[in-house]
Every structure is written in C-alpha cells, then in structure tokens.
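Given below, in the form of structure tokens, are the structures.
Two complexes come next, and they have one chain in common, subunit A, joined by subunit B in the first and subunit C in the second.
On to the complex of A and B.
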C-alpha cells in the first residue's frame, strides 16, 4: 500500500502557511531564536474558544485546519502528533503558579493545556473527532515515531485517513534552559548565513507542521512516504553510514538513486561535521544537498518541516533556492528525497519520500 | 464607600475579568453590574474554568482570600457581588 501525503499545513518562522507558495520569499532574522510568523488565516472558531487557547494551540490548530482544507478529505480517522518539548509555555505557567501560590490554588487552563497531547486533543474536540488520538513525546524521534504509527495504522487497514502533526514551541525560558547545554549560538547571527558561522551552537526555532496521509493517491497528492527509520544511540559515523545504506537497500535503492538529500545541518560545527562525514562516505558526487534549519531554526521535530519541504519539492519538481547547499548535477527529475536528521550525532532519523504517480 | 469609589472598583473588577480571561471585543463599559456572570444573559457568558481563574486573579490582585467553593460561588455571582465582597474584606 502506498502512503500518500495528500494535504499539508505548515506554520513556521517563514511564510509557509500559504500552500500556493513554496519558499519563493524567505524571512531573514538576526537572532539566536526565531519564532513562527502569525498566519493571516481565519481560525474559524468562536471567540469563546480562541480566548482560552494558548499560542501553541492556536498556531497548531491553524496548521491542522490548513492541512485538512488542503486535502479536502473530511474528518480524519485518527490524529497522531509528535512533539519533543510539548506545551512549553503553559507548563512554565503552571509550574510557576505552583511555586508562587505555594502549591495551593492552581490555574486549570494551563494545567489542561500543559501536556504533549494538548494539541491533538484540542484538534479532536474542535473537529468532534473522538477516535484514535495519540501523541508521541520521544524527544528528537517524536515526529518520526508519530509518522511510523500513521504508516502502521494505514497499512493495517485500521484507518484510511490520518492527520499527522509534528510541532514544538520555543519560549524565552525554554531557550535559556536549553542554552545552558550549549545548544545555541552565543551571538545573534543571520539565519541565511547560518552554515558559514564556523562556531558552536545553532539558532532555536519552532514550527507546527501537519500532513494528511492516506492509502491512495488523489488529485492533491504531494508525494509518497516510502519509509522511516530511527537509529538510536549511535555516535559512530561509520555505523550511521551503514544504517543509512541498509535503509536504502530495504527500499530497493542505492545511494546513487537518491537525487536530493535534505540534511538537518544546523550551523553547529560539530553537528554539521557528522552530516558531512556521513554524506561524503555514502553519496556520490552530483547528489543534491539541501538544508532547512536556517529557515525554521533547530527544534526536536524540525524533520516535520523537512518532510513538508520534500513533499512540496516532489510535487513541484523544484528545490527552492533558499534550501540548496549543493545543486544536483546527476539528474534533472526529482524522484526520491532522503531526509536525514540527527541529534548531537547520537540519534539519527531517516525519512524517504518518493515522487507520486 | 463613596459612589465614585464603588464605580471605580467595579470598573477595575471588569477590567480584571477581561484581562484575566483574555476576552477580546468586549469593553468594560459593556459588562453589566448585576447580571449573573455565569449566565448566558451576561455578555461574558463565563464557565466554571473561568470561575477558578477569576478566583485566583481576584485573590492575587486584591490580596484577599476566598475561603472555599461556597464562598466563591456567592462572591462570583456578579460584578456587584465581587465589589461587595472586596468592600467588606478590605474595609473600603
């Protein structure tokens, strides 16, 4: 069975919510942290709902609505989301109130909205959909595991139409806390020059990306999801290289069959060196290399942004100039895109998309 | 309590409600003094979750304690009842 991407919705620090556009114009930031632009989209909700929704829920709802409208597939059979950090803002608010009020009276709204499944639940309530609803919270693998579940549900025949989402939000506190681990640049940089800084750390980001996955092609189909795989706790370039090779082989492909690799380069010298070593070991000259984290920043489900970009690229048969690191010289058609992401060189993930048709 | 003081307190309460509950498109002047807050007849049309948020906000802003659920139910009946409670508690 084919797993087809038949609708997308993406709210990010770039103007990506309009599906008629594809990164023709990109936003430049001079910052250490970038946040989503507010989409000029009517959320289609009563004021009573909106006033209680935090920013994460509002942006996530808008992304999912854009996706469902794009697919035109009606209410999904299941809602599956992945989020590495979860509902950061309301978790902070809830915990700070516990501290401030000495564990006495606590505000219900941030408590209700403080969990990783808050967005999936909110979408279900707003759609009146009380079927399968699962949230994955496995850090840098959260989106990949959500995708894997969606594929399993479709292939098993349990579902025909899955709403899949990957999202994370960044706040000032979260930025500071993660910054203590040395994850961010020490000084503001231009996101459009991120890969030329030659320094440690990346820029923090966030995004809300949704897909409508179905078991058959429609007139809206963007691309086919061929496979997804995660390599856990593998801090060795040679073993990661072997893992990618075997991933391609199980899909009947060799490295030379891959026209474009979307690599999770993030501007951190050490992280980027792992990508360069692995890709140099594996792929022949002339393989196209594109990156995306300078557009959305680094966050745990950033691979969802990459899957959105890859799906759009396969449908449009265009790699946006804003993403290109190395142009492909071997082939003109874009038939396969491999998305390769890793977390600190330890945990690697692979998503393979194929052109529809 | 003088009439101006009472009006000012009610305005402060209404603005606190609007701000705490993130209510857009309703101005404090539009909020009635005596129509129950949790009634569909009130322009605010609040619910029980709003009620808990309001209890916290009132305690925090005015440095008073709303002892329990029954007290809260009476205090939050309307803008008038909140103002009466605060006047009594704060000795205004």
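On to the complex of A and C.
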C-alpha cells in the first residue's frame, strides 16, 4: 500500500500557511529565537471561542484546518500528534501562578491544557471526532513516532484517512531554560546566514505542521511516504552512517538513488559537523543538499517542517532556492528525498519520501 | 486473525507495594495506600490525602543500586524499579536476537523536579543538570539505557490514559511486524503541579476517595510505575505467558477538555471497540477494572457507559484507585497489572470504602474480595483529559 500525503497545513515563522506558495519569499530575522507568523486565515470559529484558546491551540487548530481543507477528505479516522516540548506556555503559566498565589485560588484552564494531548483532543472536539487519538511525546522522535503510527494504521486497514501533526511552541522562558544548556547562539544572527556563523548554538524556533495521510493517491497527492526510522543513542558517525545505509537498503535503494537530502543543519558547528561527516561518508558528489532550520528555527519536531517542504518539492519538482545548500548536478527529476535529522549527534531520525505517480 | 500478543512479565511499584508480590498481598488484604502526604513539598500537606510511596528519592536510588545524582527524577526512579521487575519476571534476555522496543506513558515527567527548581532554571546555572530531564522522555530514556533497549524508544502523553495507550501501541507495533517484544507501561510521581491542578478543578477529595459511591467527592492522587512485557508467540520459546492482550479500543469523547460527556459516549465506544476486537461478547467479561477516579463526573459517565454496554447484567466491577489513588500516566499500566493478577489468582479486587450505591446507576461496585468465580476476561478502563479514552481486554490463555 502507498502512504500518500494528500493535504498539508503549515504554520511557521515563514508565510507557509498559504499552500499556493512555496517559500518563494522568506522572512529574514535577526534573532536568537523566531516564532510563528499569525496566519492570515479564517479559523472558522466564533470570536468568543477563539479568545478562550491559547496561542498553541489556536495556531495548531489553524494548521490542521488548512490541512483538512487542502485534502478535502472530510473528518479523519484518527488524529495522531507528536510534540517534544508539549504545552509549554500553559505549563509554565500554571506553575508560576502556583508560586505567586501560594498554591491557592488558581485559574484551572492552564492546567487543563498542560498535557501533550491538549492540541490533538482540542482538534477532535472541534471536529466532533470520536475516534483514535494518540499524542506522542518523545523529545526529538515525537513526530517520527506519530508518523510511524499513522503508517501502521493505514497499512493494517484500520484507517483510511489520518490527520498527522508535529508541533512545538517556544516561549521566552523555554528559550531561557534550554539556552542554559548552550543550545542557542549567544548573539542575534540573521537566520538567512545561519550556516555561516561558525559558532556554537542554533536559533530557537517553533512550528505547527499537519498532514492528511491516506492509503491511495488523489488529485491532491503531494508525495508518498516510503519509510521512517529512529536511531536511539547512536553517538558514533560511522554507526549512524551504517544505520542510514541499511534504512535505504530496506527500501531497495542505494545512496546514489537519493537526489536530495534535507539535512537538519542548525548552525551549531558541532551539530552541523555530524551532518557533514555522515553525509560525506554516504552520498556521492552531485547529491543535492538542502536545509530548513534557518527558516523555522530549531525545535524538537522540526522534521515535520522538512516533511512539508519535501512533499511540496516532490509535487512541484522544485527545491526552493531558499533551502539549497548544494545543488544536485546528477539529474533533473526529483524522485526521492531523504530527511535526515539528529539531536546532538545522539538520536538520529530518517524520513524517506518518494515522488507520487 | 491478528497476531496474538501475550503478557510475559509485570513489574509495579505503588503506595501499596514496592513490587508485584507486595501489591498482590495488599490487594488481597484490602490495603489502602491513601494517607497523609509526608514527602512531597506542598502547602496542602496535612489537608489533602494522597497515595504516596514512602521512600525518599535516595532510598529509591539505593533500591536500584544507583548513586543519587543531579538530573535523576523521582519519575525515572519509579520507572526503572518497575521496568527492571517486569523484565526479570518475564525471564527474557533482552540481549537476544529479537527486536525489543520500549513504550512508556508519562504525564508529570520532569515537572516533579521543575516545580522545585523552575525559578533557578530561569535565573541561574545552579540546576542545569535537571533541565535536560524537563520533558516527559527522561524517564523513558533512563529505562532504555538501563535495560539496553535501543530498537524503538517512545513516550506517550495522553494524560490519564497514557500507559494504557502505551500497551495498545506496543501490541500494534508487534502486530505490524516492526518489533518482536515491547516493554510497555508508564510512570508518574506525585507532584505539587498535579495536586494543585486537580485541587483547583475542585475534584480533589479531602477525604480518602470513594469510587462509585453516592457520596464520592473527587479523586486522590497517587504515584507509581508499572511495566509489562509484551511478546508474540514466536519469542516465547517454552515460557508460559501470564495472559493475553486480546482487545483494545482508543476513542475520543470529543466533549470537553476535562469532563466526560454525561452519557459517556467516548467511554462506551472505547469499551465496545475493545470487546469487538477481542471477539468476546459483553456477557463473557468476568471483571471490569474501572477507571473509577471517584469524581462526580467520571463515575457517573463511566457508569452510564457500562450500563449502556452491559445492560442489566453488569459484571463485577471495582476501582483499584481506592487502593492506589490516581497515578495518572502510570494508572493504565498498574491497573493492567492488577488485571493480570486478577486472572492469575482468579480474584476480583474489592472497591474500598464503598457504602451507598449511586442513585443514577442500577449496579454497585464489588465490595468484597471474590475468589474462584472463574475470571477469564478482564476489561480495564483508562480515561484521560481531552476525552482520550482507552480500554484494554486481557484474557486468560
């Protein structure tokens, strides 16, 4: 069975919510942290309801609605989400109120919305969807695990139409916390020259990216998801290289067959060196290399942004100039895109997309 | 016919016992772990009861043979104790050729420490070692590294149904042919964050909770961890499984973020789907381990859903949350372990502190310890915030 991406919705720090565009224009930031642009889209909810939703639920709902409208496939059989950080804003808000009010007279709403499944269940409530709903929460693997679940549901015939989402929100406090681990740049940089900074740290980001996955092609099909894999605790470049090679082999492919690699380069010299070492070991000269984190920033489900970009690229047969690091010289057609992401050189993930048709 | 998936080992730590044997004896003796809070730092100490495990973090680390170190959360300590036991109990060698995965549910996660050090996290570098474990996955990764599991390491957070979903997910991964063996379960430590959360929702009882009683007035939190080893036929190699996971149902109530619909639509569908998948009729269910939080809303909604599905012939049902309190992300797995014990020992656990039947329902929970009624199929319910409902069916082999 083919697993087809038949709809997308992407709310990010770029104007990605408009599915008729594809990164022709990108937003430049001079910052250490970038946040989503408010989509110029009718959320289809009344004002009163909208005001009660926090920013994460609002942006997540809008991304999922864009996706469902794009696919035109009706109410999904299942809603599967992945988020690494989860409901950051409301968790910290509830905690800070506990301190401030000395565990007394606390507004309950932030607590209610503090779990990772808050968005997935909010979407179910708004759609009146009574079916399968799971929220994956494992750090940099959360989106990949959600994708794997969606693939299993479609392959087993349990479902025909899955709404899949990857999302993370960043707040000032979350930025400060993670910054203590040395993850962000010390000074504001231009996101468009992120890969030339030569310093440690990345820029913090966020995003809400949804997909409609179905077991067959439609007139809307963007691309086919061939496979997904996670490699836990693999701090060695050669073993990560072997892992990617066997991932390609189990899909009947050699590195030469991959036209473009979308690598999770994030501007941190050490992180980027891992990508360069692994890719140099594996792929012949002439393989296209593209990056995306300068567009959305670094966050735990950033690979969802990459899957959105890869799906659009395979359909349009165009790699946006804004993403290109090294152009592919071997062939013109784009048939396979490999998305390769890693977290601190320890945990690696792979998503393989193929051109539909 | 989908591939059969068996439970070959269980591990559990709760306020009523540090391991499987102690939990079994406490269930048999009707022990309640709910009492005064002694370890958790909170202004509600002495006012709100909870089912706290009476070991300090240092003692838990000692039980694991680990030095206490910065960054090691209580959530993770509990998780490792229960996961260790599950693997020992299953007598399986995780270093063999089979592909083993880990799926763990947690909802409190690192918040148990973040709530102590959050202001330090924001203002200085003294607590940096704890920041890494701030999300839900820290405890999962600790188990994976301790047990040497690398093939698939995942965390689920669907609030109170997290670990029931972890078990469902494990069964699905085996059936999809992606893994040969899964350690599935969940963990959550008692925290000031959740204690205040449920208290401010005005669903936290100041007295020990009374599930399915007309006088019920809210839940009590507990803490704990529980893991089960799931295996298909091909990896058993002569070992006798404890029981089989024959059904699961995951649905959404799609009614409200915290409240279940009064008629229990999502709960009904979760149970119905689980029974259909296991191929048994409602009459064949020997025992229901209910979600039974003892909130006014849950027990009414769950009770109505049970009546809708079972009609006038409701099988014996009880809430072991009257023993352990509500362990949030660990509840589904701990109650699955209690369901396994129910099958193995042919026993129905009594619902503690039950006095007055609910006016709205025609059935009452099991009050007394029932032995020898021939327990074959147990339905275990876990319902969470956001209406994430999951029911499991465990069956005698």
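The rule is simple: the second predicted complex is superposed on the first by the 357 of 357 C-alpha atoms of A that agree within 3 Å, B and C clash if a C-alpha of one lies under 4 Å from a C-alpha of the other, contacts with A are read in each partner's own complex, and residues count from 1 in each chain.
Going forward, a contact is a pair of C-beta atoms (placed from the backbone, for glycine too) under 8 Å apart; a residue touches a chain by one contact, two chains touch by 3 or more.
This one's a predicted model, so the numbers in the text were calculated from it and none came from an experiment.
By the document's definition of touching, both partners, subunit B and subunit C, reach A:108.
Contacts of A:116 after superposition on the shared chain: subunit C is touched, whereas subunit B is not. In the superposed model, A:52 lies in contact with subunit B only, and not with subunit C. More residues of subunit A are touched by C (comparison of subunit B with subunit C). Looking at the shared chain after the overlay, A:75 reaches neither subunit B nor subunit C. In the overlay built on the shared chain, the residue A:131 is in contact with subunit C alone; subunit B does not reach it.
Common to the subunit B and subunit C interfaces on subunit A are residues 105, 107-108, 112.
Subunit B meets subunit A in the complex at residues 21-25, 45, 49, 52-53, 55-56, 59. Note for the complex: subunit A touches subunit B at residues 47-48, 50-52, 97, 101, 105, 107-109, 112.
By the touch criterion given at the top, residues 42-44, 106-107, 109, 111, 114-115, 118-119, 121-122, 125, 128, 131-132, 134-137, 140, 144-145, 150-159, 165, 169, 172-173, 175-176, 178, 192-193, 196-197, 200-201, 250-258, 265-266, 269, 384-388 of subunit C touch subunit A in their complex. The touching residues of subunit A, when paired with subunit C in their complex, are 79, 84-86, 91-92, 94-96, 98-99, 102-108, 111-118, 120-122, 124-125, 127-139, 141-142, 145, 148-149, 152, 155-156, 173, 176-178, 180-181, 230, 232-233.
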